[in-house]
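Next come two complexes, and both contain chain A; in the first it sits with chain B, in the second with chain C.
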Partner chain A sequence: MIELSEVRKAFRSTVALDGVGVDIGSGVTGLLGPNGAGKTTLLRIVATALAPDTGRVRILGRDAATRSGRLEIRRRLGYLPQDPGFYLGFTAYDFVDYVAILKEITDPITRRREVRRVLDAVGLSDRMHHRLGTFSGGLRRRVALAQTLLGDPHLLVLDEPTVGLDPALRLRFRETLSGIAVEHVVLISTQLTEDVTALCTAVIVIDRGQLLFTGKPDELTALADDRAWQDDTRHAGAFLSWRTGDGRYRHIGDPPPGARTVPATLEDGYLLLVGGRVQNPAQP
Partner chain B sequence: MNRAHPITTACRPQEQAAGAAILRLAMLEAKRLLRHPVLLVGAVWGSWYSLWPWLYREPAQPWSTANYSALSLTWAPLYVTTFVVANLAALREGPPTTAELFRCVPTRYTQRTAALLVAGFAPVALTGLLCVTQLALITRAGGVTIGDPPGSGKITPTPAEVALPALIAAMSFAAGVAVARTVRSRLLGAVGGIVGGGLYFTGYWIWARFPTYLVVPNAVAVRRDIAHPHQTLWDAEVPFLYAPTGGPNADYNPNWYALIRDLDGFGWHLVFLSGVTLLLTGYALRRSGYDPRVSWVLSIGAVLVTAGIVFQLVAHGGPFPWWGDVGAI
Partner chain C sequence: MTWHADPKDLLSYIAGRLTQVHASSVEAHLLRCGECRDVLAARTHEDPDALFAHQTNRQRLLDIIDEPRTSWLERLFVRAGVPRDVVQVVAAAPALRHAWWLAGTALLGAAALAAAIEPGSVATLIFLVAAPVVPPLGVAMAYGWRGEPADEITVVAPYPSLRLVILRTTVVLTSTLPVAATLSIALPLHGATALLWLLPALALCALTLALSTVVDPIWATTALVAVWLAGAGMKLRPPHGLPLEHVLREFVAFRPAGQAVLGGLTLLALVAVAMRRSSFETWGKPWAP
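Then we have the complex of A and B:
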């Protein structure tokens, strides 16, 4: 449903994406990568906010390089930018209503029902007539999430969607996305590996504009199999070590002989991959 | 959060609904504009100058055409605030706010600008409504006094003269959007509105003395008969109203201006203003993105502006000094 082929994007001398090619199907796909890896650039290209310098982008069967293609994609898109911006003088209802019109939901009765539905989905029913200027960052994030759900979009592109959400709402949001992803495409960028573990059916890792991994979360976790161990002391030979809540040290890297390995997590696999300690066997 | 309300009932955006989206957006913007405190202040302020003095009787006038000349000038606060609210509404969307988010919606930037420009009918209609109220008050007061005794008389403004403030408001609104699409600065918009409004107030007294009178917003249908600039009251041939050259108290002055009502020229001035409004509209749309239909808006605007200027000159009966006083009062 999303096909990127040899996509390159540079901002002056900084190459944000360098020949990225990936196919993304229905379900929730998580996009992982360190800061400055090119995640947001990739999301912006998929959301048609940005055109690649070279390469081909086809989304939902439409060519994003053509004006008519972009229009059709945008008619089926819910997009949450990293920093969505708000009209602080608007109420939550007015703002989402405004976006609903921009998304061509023009029938007043349908629009009213739809706006209330999405605000309800993010738990803002009781505050929908409060001004956004009085909202905290977390509440504004909810409003931003609400507008992405307008019109039951076929494609959801979400940049750090769960940042600022409380645990209960994060769970609810995951549930919502899971429901949507049964038939549609959801692409989320996140720094939270637990979001990927809990939600995603596929995961993409990029770093310095290049694709490092595409596959299932289990496959990313499997990269760290037998490479995570625990000990009472910090191990100088480990790639990364950190102290856990029980006072012991968790290490990833090449375990010394006799080390007590522990089940790997997706975070372990991700850290080893980005650190260059492992390679995805499916990647060249 | 309502956990018993799963998201399964979403509606789909309508296909081919751009026109409907523009209309709905325009209605929403219009409501917001009419509730804007700056515009409301302008409406109250303008009404204070324009309606209040006529509430019971015609106000006393310091010279023979003062009340008539003031008909469009006293709405200046409304013109200024119309400019400012248009500018603010057009500047609402920007890189610090929703530019990124709205780049990915089907309703394009040009269409959003078009919707805002259509919403401009709301403050224009408000101005028109207030002007009709003013007309009703003037009519109840028996009309506007023109001239000085023994040649004074009363006239009632025509619909064309009542339409002038609404047209100026339309032009102000389009200018507010055009400025916002050129310079992204609220400060500049506010300063531009105030300076523009100030020029409007003072410009009448400056530009009426030059041919540029034909290309400024304000206009009056009552003018001096420049064919016979100075004549004695008894020698005047046609006009029905007179004003002494030395002012109403200059009894010693034997010369009088003959006042004529030149509605043709005034009407062409309205055509000129309509053209300017369309030019500003087309410019604001062009700055928002490419749409081939904008060329038509610009072309029609240019034709109306040209026709408005040329026919004001043609319709201005009798010989007129090209580089000098064109006969404004």
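Then we have the complex of A and C:
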């Protein structure tokens, strides 16, 4: 549904994406990577907000390099930018209503119902007539999230959608997403590996503009199989160690002989992968 | 109404057949009375038609409550036949209010200056030089900073970006040009001379848009305004008793040939804007054609 091949994008001398090629199918795909890995650049390209320097971008079967292709993609797109700007004098309702007009929902009655529906989906129906200037960062984030749901888009591109949501809302949001994701394409970037575990059917890891992994969450977890162990003391030879709640140490890396290995988590696999300690066998 | 609502009234209420006064008295009772609410709920539960009618009425009510509030200016445009969604898009232009404020203040300030200084020759010069500067500044402000993420949602909406840019530019022009034109009537100049600022203003606006397809609109307009002010500053001197028309002819932009060139530049810039319209779609490098 989303096909990128050899996509490269540089901002002056900084290479944000260096020849990335991925195929993303329907369902929820999580994009993981450290800060500055190129996640936002990748999402902006998929959302047609940014043109790559080179490479091909096909989304929902349309070529993003043509104007008509982009229009068709945009008609089916809901996009949450990393840092959306707001007109602070607007109410939440006004803002979403404005985006609804730009999304070609011109009939006033349909638009009103749709705006109310999406604000309700993010739990803002009781505050929709308050000005954005009076909203906290988390509330504004929810308004931005609401506009992505307008018109039930086929493709959702969400840059760190769970930032600023409290645990209850995050749960509700995950439920909303998994509910719509069956035949839709959802691409989210996140810093939270738990988002991926809870939500995603596929996961992509990039670092320094390059693709490190693409596959199922289980496969990312499997990279850390037999590489996570627990001990009463800190082990100097481990790649990473941290003290857990029960006062013991959890290590990942190459376990010493006789180590008590524990079931790996997705986070273990991710950390080992980004740390260069393991490679995805499926990758070239 | 006695202790409870008349069941017949409840049925009529569900079907939306009551008069407004009658319906609101039933509603007032329903708010206080759990039993009648249960009757209502049971009735709508067993009868899909009643439920549908009730939901439709509720929806209609919500539609009225959610009718967006509009400013008097927006309502004026709607009365004048401009489609409501166009008005809303235009009204949402970032910093548009600031642009209006800026335009109004600058122009009124120049006019006040012209009125205060006798016999007004220097002030008139200032007005003729300053008036063309205000609209392009408004255009750049209505358009925002390139690369600012504020407009990413706008950019990836299917609404045509060029249409948006043109709509907002039109608003800036219709809000600034009439003000400047009205004020120029008060100038101690004859006929067309009082409108010498108009073509420079249009040219600067069109060139701002054209340059905005390459660089940030704020830089574009700053550079253009600087060139305009430098040119005027070099050529125009205080009249010192000379007729003002004579002084104005020193600056090429105020001579007929210069005005013709400005008109031509305006058209060329608009053609360039149309040709490079895909750059309004993405911030930064346009998509390959």
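Criterion: the second predicted complex is superposed on the first by the 284 of 284 C-alpha atoms of A that agree within 3 Å, B and C clash if a C-alpha of one lies under 4 Å from a C-alpha of the other, contacts with A are read in each partner's own complex, and residues count from 1 in each chain.
Here is the rule we go by: contacts are C-beta pairs under 8 Å (C-beta built on N, C-alpha and C of every residue); 3 or more make two chains touch, one makes a residue touch a chain.
These numbers come from a predicted model, not from an experiment.
Peer 1: Putting chain B and chain C onto chain A via the overlay, clash or fit?
Peer 2: clash
Peer 1: Would you sort A:Phe239 into first (chain B), second (chain C), both or neither based on which partner it touches?
Peer 2: In the superposed model, A:Phe239 contacts neither chain B nor chain C.
Peer 1: Looking at A:Pro81, would you say it contacts chain B, chain C, both, or neither? Reply first, second, both or neither.
Peer 2: The answer is both, since A:Pro81 touches chain B and chain C.
Peer 1: Applying the document's definition of touch, where does A:Val122 land relative to chain B and chain C: first, second, both, or neither?
Peer 2: After superposing on A, A:Val122 lies in contact with chain B but is clear of chain C.
Peer 1: Please work out whether A:Asp53 is in contact with chain B alone, chain C alone, both, or neither, and reply first, second, both or neither.
Peer 2: The answer is second: A:Asp53 touches chain C but not chain B.
Peer 1: Should A:Tyr249 be classified as contacting the first partner (chain B), the second (chain C), both, or neither?
Peer 2: neither
Peer 1: A:Ile109 contacts which: chain B (first), chain C (second), both, neither?
Peer 2: In the superposition, A:Ile109 touches chain C alone.
Peer 1: Using the touch definition from the top, say if A:Leu149 reaches chain B (first), chain C (second), both or neither.
Peer 2: In the superposed model, A:Leu149 contacts chain B only, not chain C.
Peer 1: Determine, under the contact definition given at the top, whether A:Ile180 touches first (chain B), second (chain C), both, or neither.
Peer 2: A:Ile180: touches chain B, not chain C.
Peer 1: Once the shared chain is lined up, is A:Ala65 touching chain B (first), chain C (second), both, or neither of them?
Peer 2: Only chain C; A:Ala65 stays clear of chain B.
Peer 1: On chain A, what residues does chain B touch that chain C touches as well?
Peer 2: 44, 47-49, 71, 74-75, 77, 79, 81, 83-87, 97-99, 101-104, 106, 108, 113, 144, 147
Peer 1: Would you pull the chain A residues touching chain C in the complex into a rising list?
Peer 2: So the residues of chain A touching chain C come out as 44, 47-51, 53, 64-65, 67, 70-71, 74-75, 77, 79, 81-87, 89-90, 93-94, 97-99, 101-104, 106, 108-109, 112-113, 115-116, 144, 147.
Peer 1: Note which residues of chain A are touching chain B in the complex, please.
Peer 2: Contact set of chain A toward chain B: 44, 47-49, 71, 74-77, 79, 81, 83-87, 97-99, 101-108, 110, 113-114, 117-118, 120-123, 125, 144, 147, 149-152, 168-169, 172, 176, 179-180.
Peer 1: Can you name the residues of chain C that touch chain A in the complex?
Peer 2: Going through chain C, the ones touching chain A are 59, 62-63, 66-68, 84-85, 88-89, 92, 94, 97, 148-159, 164, 278, 281-288.
Peer 1: State the interface residues of chain B toward chain A in the complex, per the touch definition above.
Peer 2: Those residues of chain B that touch chain A are 1-3, 5-15, 17-18, 20-21, 23-25, 28, 92, 96-107, 112.
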